[in-house]
Amino acid sequence: MIARPALTLRGIRKSYPGVVAVDDVDLDLYPGEIHALVGENGAGKSTLSAIAFGETRADAGSVEASGTVGLVHQHFELVGRLRVWENVLLGREPRRGWRIDETAAHERVRAVAERNGLAIDPDALVEGLPIGVQQRVELLRELDREPSVLLLDEPTAALAPAEIAAFFATVQRLAQRGTAVMIVTHKLQEVIAYATRVSVMRHGTIVARMETATTSVDAIARAMVGGDLPGVAAREATQPTPCLTIEALCAGAGETRIEGLHLEVRAGEIVGIAGVEGNGQSTLADAVAGMIGYDGRIAFAHPRATLGVIPQDRQREALVMPWSIVENVVLGRQDRPGIRRGVVIDRAHALADAQRIKERFDVRTPSLDVPVRTLSGGNQQKVVVGRALIDSPDVVLAYNPTRGIDVGAAALVQSRLMEARNRGAAVLLISFELDEILALADRIAVMYRGAIVGDFERSNVDRAAIGRLMAGLSNA
Amino acid sequence: MKLRRTLAGPLGAIILLVVLMSLAMIVAGTSPLDGFAALFQGALGGTSQIGETLVATSALLFPALGIALAFRGGLFNIGAEGQLLIGALFAGAVGAQLHLPGWLGMIVLLALGALGGGLWGAIAGWMKARFNANEIIATLMLNFVAAYLSLALVNGPLRGPLATGAETAWLDQRYWLPTLLPGSRLSIGILVALAFALVLYWVFTRTVFGYKLRAAGDAPEAARRAGIDIGRITWISLALSGAIAGVGGATIVTGELHRFNTQLSPGYGFIGIAVALVGDLQPLWICLAAFGFGILEAGGLAMQASAQVPKDAIHVIEGLIILVLAARRYVAARTETAAV
Amino acid sequence: MKVKSLAALLAAATSVLSLAACGHHRGPAPGQLTLGMVTDVGGLGDRSFNDSAYRGLLMSKARLGAYIQVLQSRSAADYQPNLTALTNLHFGMVYAIGFLMGLDLDQVAKQHPQQRYAIVDAVIDDPNVVSITFREQDGSFLAGALAAMVSKTHHIAFLGGQDIPLIEKFQAGYIAGAREIDPTIKVDVKYAGSFDDVAAGKEIANLLFGDGADIIYTAAGKVGLGAIDAVKSHDHDYIIGVDSDQDALAPGRVLTSMVKKVDVAVFDVAKSLRDGKPMHGHVVFGLKDGAIGLTDFKYTKQDIGAANLARLHAIQAAIVSGKIVPPSTLKALAAFRPVPL
């Protein structure tokens, strides 16, 4: 490429107490390219993109941009109680006198959405929207500013397969119009499929720069981990016996309502729920976890059966972010014998548990006393999964257990789930990533509009048929 | 680094306090040097002075500890004033009619204080848990109910025969808490307060209840999913919060005033919010903060008496600091929950 | 950043402090007579005995060169802290104004045996407390006699604050004085149940006037101010004020005031301290000390008439000489018989 770079980073260095997050990185982004930035959790990707966006100041080095830089966060920064158009134009509302010109605002949001092929209702309240749609709002907000450089942090982590294709179509259109796009991601298939170039980060430096046309998922992954990938634990033979039975389940309301759902999960097997987000998966998970009321029957094989839950939103539903790892390891287990001794918490026990999780899950942290807020997403998720599995529960409920975490951490989490199955746990795996379900599940149930619309044994899986069922085409 | 961050708030508050008080003194026509000399002399210049400071410390420590307990559970209890008053009312009303051995009577009266304040807190907690009423509004409004209820009762059936204001009769001398510091008004009430601080420290750091409380406060959704009954935690923590403030009210009655008066608190329940926040909601730091505010209370009166700076100036300034600290904390909590 | 701004604030604070350090010092001079006073809930501006006591303090300042300081109490809960605060500043004498403070002063006085206190209207049995009381029944006797002379309806009234021994002295003396002049006179007695409910005072006064009483003697603190407000719209009725000279509050309608010169007592106590012979124990002030008496009838001389005034003087002389002993309790009142002069 001969064009002048839209964004130039030179000699960027940034350290936090005890860690060098980014160490002497050079990077150029050219107009019209889709540049993937990959690396394991903690490799420095987020810090680098925050520096590029101007959110974080580098200790050393220079950042030069030819125009505005937009950033779409992995964790959305939307105001739930405002409407879509209000969020998109927040702070830049068209005015008529001292009032907001609502007509013009609607028109502008509609136009930006149309131009970029993003379908959205400008009047919807953001808090009621599925995550995938919320992301479109976030994206629209940046696109409205016509950025010359667009940074996307894990943009597809929350999207269904069909949405992912549409999303990349949008991104490619943007690139063709001359925007420089940088995607921070873990999904290497997407990198190969849609990006033009890829930079791999490890321990704060860029260790490889490749053209996607001449590389492979394997090569990128090896560069990321600095060697061969850890494999997922082997599937062992088990004797499945009924463990969790769901009959005629009705729960929830609106689009995510479940109506007459039947499902059986047996000990020693993983049942994967495939489906596009927003088809009642969270309602199913909440009902099984006992978080909402329901009609019908959810029965465990024995009355004292224990349940380990990996919630979908680790930061809000699973962890107390300002607390230490040790304290978080107690959460949800505070009344269990062993942890609870009379009216007090047995701290030695909690510390031993945390130590065990740290070792078994390779949680990378300077100490078990640091707030989980300071851990990378992958390490946070390892704590959550470790806690869910530490008491060897009879039933495991895993909701997108590897969302937004790097390949190494994901492989580890998947291995532990497989091991739980191998020792005889009944695992209910709800995931929006079909690949994950295909890799782990013994049986696959497809969920669409609050019901199970298809059922596949591992031995006769038909990926195309599953895809059609997920999209609501019933004559599979 | 971390120390600097934790100290920045309270330290900033202290500096702000010094600057504002200096201005108030200048406005009142007194040199700040004289003013502060009078303040510290009046607060720490002798046994009786230290006694007065510790009397105020004790009066502030109870509501501040109660407030801290509620705040740690994510509940903005600003009703400590009313809870303290009702606790004092229970102790004063019953104390005037009691026929028990002295030591037993004292324990009964403090327990009654806990009961009264706890009841007042529990009402707000029940309203929140049952009807999802905003606890800020519920506790605030209950302050007024407490004030008018106690006024009506003490002007009516509970009025002491010789009382000229809204007061009950005096307690029999055998129920007066023993003096801790001879030559001062300081009773052993402050030891009760310090014991509460230690117990609370233990509750927060060691117990399952404290753990659940903090979880409910720091991450309500994660706490709910961890099987913690948020509604139960809500009313229990508000009841306990009120009970601690109520014991404070009872110690004022049995320790210093020896009868109930509707005006017995010059706003301890509100200043207690500042004490709790300056103490970073940590019981042991709160003891230190209460001592600081006790110096202001006792020294402020001495300053008024010797340097003609109205004590109210100090209350105005304290109010400003409460506002700044509370707003900061509330905004921080709001933005954290909003960033979903 | 944070630390820098803190440092800036600190610097600002220090400069403010040093700039302002040139302000003048207002504390007492070494060796100066120092007098502190704690008002009761009536506070300064009650136009009654808190104000009267304060006048005594001002008198001490003017004539004895005393350094004075007043702490006002907003509620009874302030008494102990206020008394202790003045104690801690080592005032030569700390005055507690009003019997309301009796039990609180007793407690504080026991905690500080080295400090001198004076209390008005109560008797506290502590060696370091001077108890100042007045023979209110003497002045009230004169007020009752005058009321009986002036009343056209042979029907007068008494409005008390609260039914307590102190006010009983006013009531007994007043009724006895009225009977001295007119043994069959009707005297209505009402209590407001408070010393500060001005509205109640006005209401009760209107009620008493409506029942036919044409003169009301108020012994009720601020409640009396309500009664004085009421009499402004009654052209033929009178109020007799109390404690301070209240004649000017409704000129011509306040017949006289039974003045209790707390200022005289406060000054005398201060003077005894200055002279090195401090009063102690229970000190009673009466007619002969000039601490109790009626006003000089500035607005009402015409209404009363010279003959009545002469008669009043005779009664006063009889009380001073001991020929008449006004009763101080209702029990003593029952035994009281008019003394022929």
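Order as written gives the chain letters A, B and C; numbering starts at 1 within each chain.
FYI, a contact is a pair of C-beta atoms (placed from the backbone, for glycine too) under 8 Å apart; a residue touches a chain by one contact, two chains touch by 3 or more.
Fair warning: this is a prediction, and the values are worked out from it, not measured in the lab.
*Asks:* Everything stays put except that chain B is ignored; which chain groups still touch one another?
*Replies:* A | C
*Asks:* Where the centre of all protein Cα atoms falls, which chain's Cα centre is nearest to that point?
*Replies:* Per-chain C-alpha centroids compared to the overall one single out B.
*Asks:* Please flag the chain sitting at the greatest distance from chain B, going by CA centroids.
*Replies:* A
*Asks:* Write out the two chains that share the greatest number of C-beta pairs in contact.
*Replies:* If you count contacting C-beta pairs, the leading pair is B-C.
*Asks:* Using CA atom averages as chain centres, what separation in Å is found between chain A and chain B?
*Replies:* Chain centres of chain A and chain B, defined by C-alpha means, are spaced 46 Å apart.
*Asks:* Find the geometric centre of each of chain A and chain C from their Cα atoms only, then give the gap between the two centres in Å, rounded to an integer.
*Replies:* It comes to 80 Å between the two C-alpha centres.
*Asks:* Express in whole angstrom the distance between the two chain centres, defined as the mean CA positions of chain B and chain C.
*Replies:* So the centroids are 37 Å from each other.
*Asks:* What are the residue numbers in chain C that touch two or more other chains?
*Replies:* Correct list: empty.
*Asks:* Considering the complex alone, what residue numbers of chain B touch chain C?
*Replies:* 4-5, 8, 11-12, 15-16, 18-19, 22-23, 25-26, 29-34, 38, 42, 45-46, 48-49, 51-52, 55, 162, 164-165, 167, 170, 179, 182-185, 256-258, 261-266, 298, 301-302, 304-308
*Asks:* In the complex of these two chains, what residues of chain A are touching chain B?
*Replies:* 17, 75-77, 79-80, 289, 291, 309, 311, 316-323, 327, 330-332, 334-335, 340, 343-345, 347
*Asks:* Spell out the residues on chain C that touch chain B in their complex, using ranges where they run on.
*Replies:* Contacts found on chain C: 2-3, 6, 9-10, 12-13, 16-17, 20-27, 36, 41, 69, 71, 74-78, 80-82, 84-89, 100, 103, 107-108, 111-112, 161-162, 164, 194-195.
*Asks:* Can you tell me which positions in chain B touch chain A when the two form their complex?
*Replies:* On the chain B side, the touching residues are 1, 206-209, 211-212, 214-215, 218-219, 221-228, 338-340.
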